[in-house]
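Shared between the two complexes below is subunit A, which pairs with subunit B and subunit C, respectively.
Presenting the complex of A and B:
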């Protein structure tokens, strides 16, 4: 029962918090580009408008797959905040991403197809980092549950600085930020400009936006976990991390996707893998 | 006592019925009689396996051979096997194969005449929970594949009319293979097990070479040579056990624990060759030349599963030793290398094959670790992998017989062309890498088992597993995407699925339902077979019983129901179909784009293979060398390690 409350809170409030985060993101980005930017609530207006649109689709598969993408992402996040096994959360998180990939594959559009391939590149690049991060957390805290780790007051960040840095690097992709030219990168100078959603519209696209909000809050929760011993410090770390991601987004031109993969795997091995093995040398449980 | 007798009868039944059916098939005239024999034999074998599970599932039973002259029979049959192999090796002028067959025969003769105890083993046969688990895999999946093969081989010969039709011999081999597999999992007398071991080597050799094309023959000999080298190691282990300890029984060997490390290392070598671990994976990849039911059989219920069976049996002896660590490293290395290589692999059958190699690697790694949790994982992964992989081969065979392609790039629009087959395909793929299906659950448990190893070795294995998992998601999703991609929504030849026979449908649907059943039934499988086996061998539970099955079942239901409900409810709703968008260009669903000057150009969309990153040649070369070194280290450790 105890775990049900955080899960429900996440399910209800994550869209709200995620939408606000997106609003802040757009304003901060605009200021970095010397623009005024949209109102804070603009993301909500956008999604509301998408929901009001009539359904035009390229095939019968995209809508159900987009819906599954949303539901499984929400499930992954809920499982995470409910204190579920972090490895299982990562697997469900991957399943959620797969539904987006499948939705994009089902369309014949080249943009959509290349978008699906690049989304797979993100998964391929990020999966080892996420799994090794979970492993390292387990080694330090003796548990894979968000609630248990937070309650134990373990200062993960002091034992896992390498893992944290690696995770921040991977988050750049998972939060759909530049510099990498991937499936959902949204700058006009990039190759496929959110290609993965090319053939999605109306409600289906609204699902994708909502999913993105759920996803961002879950990922911020993961960042928070490293500082969970102190609430103010944790929130500050989350805010700073997100700000840095927005900064990276706005100060970097396009970087080829090939580099996304090779650099992430290298960094994962060095920072996260090195950190994990160092734990044994330093005498973890 | 009653159960003991019943189990004894059922063992005899399982050993003899497939063999009798096989022999009958060899002489049966006519297609109808053959079909009848295959279907009846399949049903009888499956019923036998189920009856065994019901009668003696959760117990351990040992039997002495009641038949007089059984030893002589084994001796003669062993010589016959060697004779057949020798005949083929001479006929096709393969000096290496000739040398290995002769060496193997000499060792076996030496053992039988000079080392074997005068009195036959008191406990020649046995059945425990692991045997029953294997018997279910062999006895249910194997017969279904045989039934499937009826339809497949009909289409196969229709497409290749020039190939000689030796279907009776083909089905003889399939059923003989099943008997040999039952022999391996029920033999406590290692001498008998060696005979069955060699029988599977010969069966797979003949199945791979079935079409007798140049490529088939050369791949068959590669398989023969590699597996014979394993057989020789097996014989050496047998001779060492007999001379050093005067025993030939598996249970007595396992009771020796650390003292039996050298024979265990030799048996692990044999198992690694049979389980197609690096550097021996090439024989299993080469087996692709055979008709697809052969692959389904070799990859799921037979052959390679004999290899991992033996490694898992050795686990209590090698756990925590340098031998065990070397075995774990070979397994994990094979898992990683095979997964990476698969990213750059366009041939669907090879994708399935490398995936088998990778999953077997994970099982071998678990056997090498040998902790109660690791062995539990190995046991359940054997089941999960067998069901899903067999399903995938059956479906690929069906598709192949209609489109004559193995290239993943030609699989698009399958969801429109063959919707039911595509659905079964998706079910098989999901079983291999989507949570909460079994293979992912096993991987998840394996990560925890690796992390519970106190030394940094566990961390290294974990990192290998993490990278391999990323690659696994990539190569399966790519194939999944191709199957689901809708190109031409009004494909003219929609009747293709009507040409699929009932035999094939029955086999494929049974597999699909089984893959769901084993996933939902994991708690039962664990409580009934896996956990008692762990208790029996280690005296402690695996520690994996406290699993949160509730979440798993919930996820499974969601995964099954949600896409279906969303699809059905949406189909009834109002939506307008539109053409795809290509940056303002006109495009129709045939992937034709209106270009300049009124020309229509076709677009081709191809997957990423990342061959710049993952060059199969380089990865395999290095991994072969590293795993080869690990094997030498394993054998050296077997000689030198003192517990």
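Presenting the complex of A and C:
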């Protein structure tokens, strides 16, 4: 029962917090470009509009697949905050991402295909880092549960700085920020038509936006976990990490997929793998 | 209400000299910052609410414009930006030019000028939002 409350809180409040985070993101981005930017609630206006638009699915599969994308992402986050097994959370998280890929592949548009293929590359690049992070967290804290690690007061960041830095690197992909926004970007007119969402519109696109809000809050929870021994420090770390992601987004051009994949795997091997090896070498519990 | 606050636009350059296109992009720069009104310049007809057409219509782009318009979800509004898109302008009598954008798709807002000024384009977009709301209200009445 105790784990039900954080899960329900996440399910109810994550869209709200995620939407506000997206609103702040757009204003901060605009200010970095010396613009005023949209109102804080703009992401909510956008999603409300998408729900009110006409039926625009190109086939019968798209809508259920986009809905599954949302449901599985919300499930991954709810499991995470309920203290579920981190490996299971990562598995469900990946399944959620695959539903989006399937939704894009279900259409006949070549642009949609390119977006879906690029999304697969992003999943491929990010997965090792997430799995090594889970292994490293278990090695240090002796648990794979968010609640147990947070309650134990283990300062993960002091023992796993390499894993954390690697995770921040991978976060750039998952938050869909430049230089790794290969498959989809929130910025105007940057992709090959509109990447993975080319053929998704109306309510399907609204689901994808909502999913992205759930996803961002889950990822911020993952960042928080490394600083969970202190609430103010944790929140400051989350805010700083997100700010740095927005800064990177506004100061970098998109890289080619080859570089995105090889650099992420390189960083994962060096920083996260090195960190894990060092833990074993030093015989740390 | 929500339709009005989140106009995503698709910009298509028919056969424009690029004067109007530069002005359309200028709307998104720090000086005019159309994103203040929630405007996003999307490159995708399936996401767009407004279709901004620049340049006159000729036999080659006729099908493209019709196709883009057909792919946009209802309710949608078309804006003819610049004198070429509104009537064909000085090119109206050319053998290869059919005329303004209204020769192929129903145009809701005409924004004249050579080139159309960013202020005029933003004013046109704000007017188009009113038309968008009217269209939605009309569609709801029908249902």
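As a working rule, the second predicted complex is superposed on the first by the 275 of 285 C-alpha atoms of A that agree within 3 Å, B and C clash if a C-alpha of one lies under 4 Å from a C-alpha of the other, contacts with A are read in each partner's own complex, and residues count from 1 in each chain.
What we mean here is this: a residue touches a chain if its C-beta (ideal position, glycine included) is under 8 Å from a C-beta of that chain, and two chains touch if they have at least 3 such contacts.
Bear in mind the structure is a predicted one, so any value in this text is a computation, not a measurement.
Asker: In this superposition, which partner touches a larger number of subunit A residues, subunit B or subunit C?
Answerer: In the superposed model, B touches more residues of subunit A.
Asker: Looking at the overlay, what does A:94 touch: subunit B (first), subunit C (second), both, or neither?
Answerer: After superposing on A, A:94 lies in contact with subunit B but is clear of subunit C.
Asker: So in the superposed three-chain picture, is A:56 touching just subunit B, just subunit C, both, or none of them (first/second/both/neither)?
Answerer: After superposing on A, A:56 lies in contact with both subunit B and subunit C.
Asker: Kindly classify A:67 by the partners it touches after superposition: subunit B alone (first), subunit C alone (second), both, or neither?
Answerer: First partner only.
Asker: Does the superposition put A:198 against subunit B (first), subunit C (second), both, or neither?
Answerer: Both partners, subunit B and subunit C.
Asker: Touching subunit B and also subunit C: which subunit A residues?
Answerer: 54-56, 198-199
Asker: For a test of understanding, state which residues of subunit B touch subunit A in their complex under the given definition.
Answerer: Touching subunit A from subunit B are residues 343, 415, 434-436, 440, 444, 447-448, 451, 455-456, 458-460, 462-463, 465-467, 469-471, 473-474, 477-478, 480-482, 484-487, 489, 548, 551, 555, 558-559, 562-563, 566-567, 570-571, 573-583, 587, 589, 591, 603, 605, 607-608, 610, 612-613.
Asker: Which stretch or stretches of subunit A touch subunit C in the complex?
Answerer: Of all residues in subunit A, those touching subunit C are 26, 30, 33-39, 42, 45-46, 48-49, 52-56, 188-189, 191, 193-194, 197-202, 205.
Asker: Considering the complex alone, what residue numbers of subunit A touch subunit B?
Answerer: Answer in residue numbers: 54-61, 63-65, 67-68, 71-72, 75, 79, 84-85, 87-88, 91-92, 94-95, 98, 101-102, 104-114, 116-117, 120-121, 123-128, 131-132, 135, 138-139, 198-199, 258, 261-262, 265, 269, 273, 276-277, 279-281.
Asker: Spell out the residues on subunit C that touch subunit A in their complex, using ranges where they run on.
Answerer: Those residues of subunit C that touch subunit A are 2-3, 5-6, 8, 28-30, 33, 35-38, 40-44, 46-47, 49, 73-75, 136.
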